[in-house]
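Below is one structure; the comments refer to it alone.
Just so it is clear, A, B, C, D, E and F label the chains in written order, and each chain counts residues from 1 on its own.
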Amino acid sequence: MTIHVRVVTPHTTPRPHKLAGLRSLQQRFTQLTLSQAGIDAGPASIEGSFDEALAVPGVIASCLQAQADGVDCVVIDCMGDPGLEAARESVAIPVLGSCETTLHVAAALGHKFGVVTILDRVRPLLERRAQIYGLDRKLACVRSVNVPVLQIGEDTDRLSDALLEQSRAAIERDHADTIVLGCTGFIGLSERLSTALSEAGLHAPVLDPLRTAVSTGVSLVALGISHSQLAYPRANFAKRIHGFPMIVEKLSESR
Amino acid sequence: MTIHVRVVTPHTTPRPHKLAGLRSLQQRFTQLTLSQAGIDAGPASIEGSFDEALAVPGVIASCLQAQADGVDCVVIDCMGDPGLEAARESVAIPVLGSCETTLHVAAALGHKFGVVTILDRVRPLLERRAQIYGLDRKLACVRSVNVPVLQIGEDTDRLSDALLEQSRAAIERDHADTIVLGCTGFIGLSERLSTALSEAGLHAPVLDPLRTAVSTGVSLVALGISHSQLAYPRANFAKRIHGFPMIVEKLSESR
Amino acid sequence: MTIHVRVVTPHTTPRPHKLAGLRSLQQRFTQLTLSQAGIDAGPASIEGSFDEALAVPGVIASCLQAQADGVDCVVIDCMGDPGLEAARESVAIPVLGSCETTLHVAAALGHKFGVVTILDRVRPLLERRAQIYGLDRKLACVRSVNVPVLQIGEDTDRLSDALLEQSRAAIERDHADTIVLGCTGFIGLSERLSTALSEAGLHAPVLDPLRTAVSTGVSLVALGISHSQLAYPRANFAKRIHGFPMIVEKLSESR
Amino acid sequence: MTIHVRVVTPHTTPRPHKLAGLRSLQQRFTQLTLSQAGIDAGPASIEGSFDEALAVPGVIASCLQAQADGVDCVVIDCMGDPGLEAARESVAIPVLGSCETTLHVAAALGHKFGVVTILDRVRPLLERRAQIYGLDRKLACVRSVNVPVLQIGEDTDRLSDALLEQSRAAIERDHADTIVLGCTGFIGLSERLSTALSEAGLHAPVLDPLRTAVSTGVSLVALGISHSQLAYPRANFAKRIHGFPMIVEKLSESR
Amino acid sequence: MTIHVRVVTPHTTPRPHKLAGLRSLQQRFTQLTLSQAGIDAGPASIEGSFDEALAVPGVIASCLQAQADGVDCVVIDCMGDPGLEAARESVAIPVLGSCETTLHVAAALGHKFGVVTILDRVRPLLERRAQIYGLDRKLACVRSVNVPVLQIGEDTDRLSDALLEQSRAAIERDHADTIVLGCTGFIGLSERLSTALSEAGLHAPVLDPLRTAVSTGVSLVALGISHSQLAYPRANFAKRIHGFPMIVEKLSESR
Amino acid sequence: MTIHVRVVTPHTTPRPHKLAGLRSLQQRFTQLTLSQAGIDAGPASIEGSFDEALAVPGVIASCLQAQADGVDCVVIDCMGDPGLEAARESVAIPVLGSCETTLHVAAALGHKFGVVTILDRVRPLLERRAQIYGLDRKLACVRSVNVPVLQIGEDTDRLSDALLEQSRAAIERDHADTIVLGCTGFIGLSERLSTALSEAGLHAPVLDPLRTAVSTGVSLVALGISHSQLAYPRANFAKRIHGFPMIVEKLSESR
């Protein structure tokens, strides 16, 4: 019996390496099938609320498609969790946010977690997410390496150094005991960071958000549990929608 | 010297009576010029996160247009404040949310405010807004009359009775001392509710959110103040956007 | 139709320049009439709870007088909001605290505001105000320039430099995105500070509390709203009061 | 070695029975000397912020006198703690508020305490006190018997019944596990209430605030500890004060 | 590659049906190996802090044994999470509390969860757990069916009815949108409750804590993550321990 | 009439100097009788949750013995308050935690207190205690001198210097206004620290936790008050306990 998790990447830049970064999970979960979908309309990357706003309709469409495809669970591949609430109002299968899921896992591993992300400008967004999820008192800090998303792959050594530096500061200055990578684009960097921290005597778990969310998605599917329809009441699809043909089409197909 | 406030109504159902409901404000503020804009694509009304998600791109486009038109201030005409953060990342002129603004005004009039809204299903959305705005401890309750937005005008007497009943419960059971109407569609109903409460010996201010937001917008313009660019850093408009021609066009015009 | 706002300055040192500092507001609000009242008995300046305690009876008397004079709204001209609750229990017209009002306006402009005030010793008072108003989680910091109130006018350049330095620290170290001047005596200094911050690349709004409170007072009067009588129940003036002839007289006049 | 505690009753109605109500404490603390002082100017009773405001100057004068008299500790005999902060800025000997002290003792006896007080109208004041003292999350409820202070002695049976009824509700509906009498005028009623609760199977401690504060005052004096001067910095008595001759005189005497 | 999770049941009453209740999970996770261990010394059941205190040394011994046995992950089979912190200071393999884990999963499924447990007397314990885990603001209520642990199996119909009644109250009165079974002894009852709630139109997920913790444990092992050693620093086993031979022996074996 | 307070020292290392450190209290409270009890089984010192777990059964036994001995009040002599809740479920006489009691006393002396303790590794434990007691918002910081408990007496000068350094930092960097010694082993060091702080112009009270708890215990006994049985319901001693002969014996004696 397979468990099919779809990674919905909420921007228009192709990100095929994401699935590669999840391969180690598949070795542990032989029943896990993975697929990935992007969005047709939206921003090239997500670095703020404007970008998120343009990504959300595509995320909804992708989630409707995933449900139509018989997928078991969707993971939104971005630490801003764009469209999480709207998607949950649209489909019955579990939709997980990389941020929400990872912050809860981090919160249960220690007393305070620190998030190390890309740019200072997304700090308020991540702090707001932590607050909405009820976890602001567990959040030690949001720190950033100041590398734009689209340059993440360019100089991995420099990036790893910056991640280590900010993670140390999160631990030593802000009393974080657990590190959350604050961008799903950092996939593949958690082991190196974890090793470097251990070598510095700082035995903090390092969470890769996309992997954590996919693994938690598998666990939810195994439990037969999805998000609460009382919390996310099904949208009234009978109401007229102007524009957004992709969504309207998928809705009419699903009737 | 006029102060031009534009009301951006974030759904596709025409709402011309909104400006009529603001006329009393114009009598006090002779310098106030009002205009209204809807959105081209989006939902017929807003009753959840799905509806909000489809409204946001239109709100952004409307705000860009308002700034191009030389408007002084934009008020988003919905208690969910759809697109507030994204719009603030898009323009320099002040963008006010009906919810954020009214909750802060209410918080300064007493110790706890109660919100009376349309449907139970929007309670979590309004509670989340209060939390994001840092006002959850001032929120006594969110109660609802259970009338969908599009039926608000149908039976004003029944609606007024329901508003009174829920407002009384907010005061007597939940210790609210100030009442916030939880839907901008309730415009024109606050005086009647206020009178009815006073007749019941309950001297609580009743805030109409659209009026409160427009009046506060006038005050901000008079002070020469807008939202913080540190909190809402300008979006990087140089990044490629797929789709959303209305927004892309307006951005290219403004260069 | 004029809107008459009275500034009640809660100490015995004359402060005629306060009205001058509000002139720019009057240019935007042609309907605004301003007047100012001091107190007869009380401290020379307010720098702690002892000073506040002695200011409060005079503030109450001034508010009773303002109401008798037909004033539309009173603003208490001090960031400690001395007498705010007692005055609201005494009169029906809106009484606004410079602190309460400005903190709520600041909270709606960004995510976290920093307050820059006169002396370290008033930090706890301002923190307590933020807490009472339910805004402590929006307060990034209270910093001070360490200049006593009565020396504010003596060396404006040095003071402006100190305000800039502390505002920068509030932004860069404490993550404030909005600056609140933490003393109404700083009137006239906000533009210079705002400009200096912008030149440093820090585009944070700077709020002058007295101006902000007066402007908000105008907005409240335009809305026809006052503080909640459920939150601030009218004092029982039938009870015998010993001493405080100024208050007793005004109460007997108003019967 | 005696420990002299002075009870400062912050209104003008004589309350000689208060010391009688403290006699049982003196039987346990043979070293305890008690005295009582009223105020010359102020309200007849305290039932709101207006009353408190007029009581505060007298409380300050009484505390200055107590220190001049060589008293070891002052307890303010009112659950609103009027003048607590100002008095602490005025004298070096410990000044205890009946409210602050009792809420902290109550908080350490269980998980949540309920306060049963005189009138609904003082609920917000007591809630604000709990918040200022950092104990709002330990406060289960503030309930009231709706008897004005000056009528407390009139019908003790009815009052005791009402206290029992509201205490039961606090326990059974609001999950309080400890009861705080919310008015120092209730002195002498705690044993009866405690017995009645026990007979109903509700083994909750009942705290009389004046007794609790005096007993805690003895403990502080024994420890040689007073309030923090960093939190309550000494007022600058060199500044000119207009009016308030009683305070000014005592200050000049103490120089 | 198997994943071996050991269920540590922290009392002396045999509970063989627990593993049976986890069989459905094993059908989804073919790599999952389950084992169970009790404790030799301790209480017959856990219904308070006294019971927990006596269970903890046995839990520590069981966790040391589990690690020595090469187990991948331990789950403590009780909603009080007895010994969670101490066990995490003792072993490197992940130790999960049924409570901590389930509350975090519940928190991510909706806005507020309600816990339905055995006895009123454990309410404070569960509330304290929620607070320690930083989730008190997500906790709608703790309600109980008032059936002692050791009688759970006696009348399943009555118990199911009581669970339904309290779950409905949690949803309808306390605004819970997700239900957490508040005792691991309720294993096997979640499906029936979930169905009954759905039939009543209340589409809330129902979480069985033991299953949820085991499934999350599998997910953590797959991720290669354990609790933070910075949060739970390894105990100093070199210090002399008097008594507790079971623990001392296991410690000396592991050297 | 004497008041007998027993100090329960929850580890196996003899600590006779503790009673000596309490002698000054006895000079103020002539009615105070002091006794001390250790535990037979447990750790040599308490520096984490593992140590605490092994101390708790002994603490329970000691409290049962104290009650059998006719003692009036028990104080647990450790800042982790090991066994506080379990002991309160076991006996009717008041059981006070050094931590809980001292944090509440500290909270009432100022706005924020700082705790200076032994080792960084106990910071999370003390933060959790503050949170459980509802005082986390009053906690400015937990700082440590990094001296293990068993080395406290070795170099008093170095230790005093370190306490001064960390207390200064707590005041100057973290805005503490009151200092709490974060280990009962620091007894006898508070006067020296207090003097040194005063000489540095920092007039902060310094609280010795054991003394503070004993003095507060005397006050509670004088008031005739104990912890709430609703909060700490009596344990069901009829249930079978395996092991823990010391506790089982005392329970059977007390029947």
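Note that a residue touches a chain if its C-beta (ideal position, glycine included) is under 8 Å from a C-beta of that chain, and two chains touch if they have at least 3 such contacts.
What you see is a predicted model; the values in this text were computed from it and never measured.
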Far-end chain from chain A, centres as C-alpha averages: D
Chain D on chain F, rotation in degrees - Cα superposition, rounded to nearest 5: 180
Mean-CA-position distance for chain F and chain B (Å): 53
Intercentroid distance (Cα basis), chain D paired with chain B, Å: 44
Contacts with two or more other chains, residues of chain F listed in rising order: 111, 124, 128, 137, 177, 231-232
Inter-chain touch pairs (all): A-B, A-C, A-E, A-F, B-C, B-D, B-E, C-D, C-F, D-E, D-F, E-F
Interfacial residue positions of chain C with respect to chain D in the complex: 12, 40-45, 47-54, 56-57, 60, 83, 85-86, 88-90, 121, 124, 128, 131-132, 231-233, 235-236, 239-244, 247
Touching residues on chain B, where the partner in the complex is chain E: 123-124, 127-128, 136
Chain F residues touching chain C - in the complex, by the definition given at the top: 111, 137, 175, 177
Contacting residues of chain D [partner chain F, same complex]: 1, 3, 25, 27-31, 96, 100-101, 104-105, 107-112, 133-135, 137-138, 171, 177-178, 202-205, 207, 211-212, 215-216, 218-223, 225-232
